[in-house]
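Take a look at the structures below.
After this come two complexes, each holding chain A, first together with chain B and then together with chain C.
Here is the complex of A and B:
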């Protein structure tokens, strides 16, 4: 396979993946916000009927707003990471593959994914406390919830960040050597 | 420019054409032309060594330093 053919294939694959990612982003934003809205405001009984919430608990509006806002931050962080991925795919679609901007995009994507994962962990730790805070008897403590999927994503994010770093260094070396005979 | 490339002088002295030297040292004629006109950022030791070998000369025969005139 010649480099031109390989590049054309990467461009085609990136374009297809970009379209799919845009559709995913729209669906993710819609479904995530809809779920959070329904739980907090749209169908208030969902919270009251939660299996950890006691029957005598009265859910205050301020708690609902807090839950929704914290959840919104997590959704937005993930959405920003997805936008960064779309930006990266768009650069590849344009044929800007071995490029300083692409390397920076990879680093930004890795960095945002790490932040999104941290946000997810923080929210995961807070979630049960927020849901059960009005229980008269048993309120769940703020505690970290173990989820192996998050570890895998965080590891991938760190790898992406490091890959972007190495790529930037490689491009710098290439730029330095350019013009030498 | 502080470094003057005297490759064309050495080529004339050795009665060798640019194309032949480019072939012998394994770089393109365009790159050799850029080197002759001093329009390169640097020369690899590998290239310099090959030129010296083929032209039977020293690096000092190819390169000359002239201080820039103060503005």
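Here is the complex of A and C:
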């Protein structure tokens, strides 16, 4: 395979993957916000019928708004990570593979994914408290919920971040050496 | 050689990953052994189980094995991730060896995600296998977080493949010149 053929294949593949990721982003935003909206406002009985909510609980509008806003932050963080992945794919589509900008994109993707996983953990800790805060008898405390999937994703994201960092470092050193010669 | 900041950062991450690997393995295997073998009432009084059932040993062993696949795959994924982090920590250059390690991380992430999906898909079927009523069938369990790990693994593998091929081509050209 010649370098030109390889570059063309990478560009074609990246373009196809970019289109698929954009479609996924649209679907993810739509389905996530629809779910959050239905639970908080669209179908109020979903909250009232939650298995941890007591029958006498009356859910205030301010609680619904705050729950929706916190949930939205988590959705948006994941959406931003997807946008970072689209940005990286776009650089590959343009044929920019060994480039400091591409290395930075890998780093940004890893970093945002870590932030998204932290957001998910925070939301997980708050979720049951927010849902049960109007219970007359038992309100769940804010407490950390162990979710190994978040940790696994964060481990992969941190590796991406470090890999991008090393790659950027190597490219910058190479550019400095070339400039010096 | 990578900067001191990268090496310090990777040292901290390596330690954190080591702690998580031990905690994850201890907690996952500990619960699995207790549920499958040690405390029989956990299965027999499960909310999906109907009637007075006796769970045979072969079913307990099958359940244990079904869950050991994703647990082992996840542990190996974490070990490979730690290997790559250690390469960075020990001052390794950006090289083919590093890219191959990244690809391996991607492969094991896909295996870990896929086996986890497989185990969660047959979980309810195995739990209710001895039920006289309301037996569940195996079904494809979809969880966005598990699918996310598979997609991330595929992305990491592809990124490694592109970088590896590009780097090899560049080295070939430099040698030719």
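The criterion applied here is as follows: the second predicted complex is superposed on the first by the 178 of 181 C-alpha atoms of A that agree within 3 Å, B and C clash if a C-alpha of one lies under 4 Å from a C-alpha of the other, contacts with A are read in each partner's own complex, and residues count from 1 in each chain.
In this text, a residue touches a chain if its C-beta (ideal position, glycine included) is under 8 Å from a C-beta of that chain, and two chains touch if they have at least 3 such contacts.
This is a predicted model, so every value here is computed, not measured.
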Review point. With the two structures laid over each other on chain A, which partner does A:151 touch: chain B (first), chain C (second), both, or neither?
Key: second
**Study point:** chain A residues touched by each partner, larger count belonging to chain B or chain C
**Key:** C
Review point. Once the shared chain is lined up, is A:51 touching chain B (first), chain C (second), both, or neither of them?
Key: neither
Review point. In the superposed arrangement, does A:179 touch chain B (first), chain C (second), both or neither?
Key: first
**Study point:** Touching residues (chain side chain C, partner chain A) in the complex
**Key:** 2-3, 6, 9-10, 13, 17, 20, 24, 27-28, 74, 77-78, 81, 84-85, 88, 93-94, 98, 102, 105, 109, 112, 143, 145-146, 148-149, 152-153, 155-156, 158-159, 162-163, 165-167, 169-170, 173
Check your understanding: Can you name the residues of chain A that touch chain B in the complex?
Key -> 178-181
Point to revise | Residue numbers on chain A that touch chain C, as the complex places them | key: 1, 3, 6, 10, 13, 17, 85, 92, 97-98, 106, 113, 146-153, 155-160, 162-163, 165-167, 169-170
Revision key, fill the gap. The residues of chain B that touch chain A in their complex are 27, 31-32, 34-35, 40-44, 47
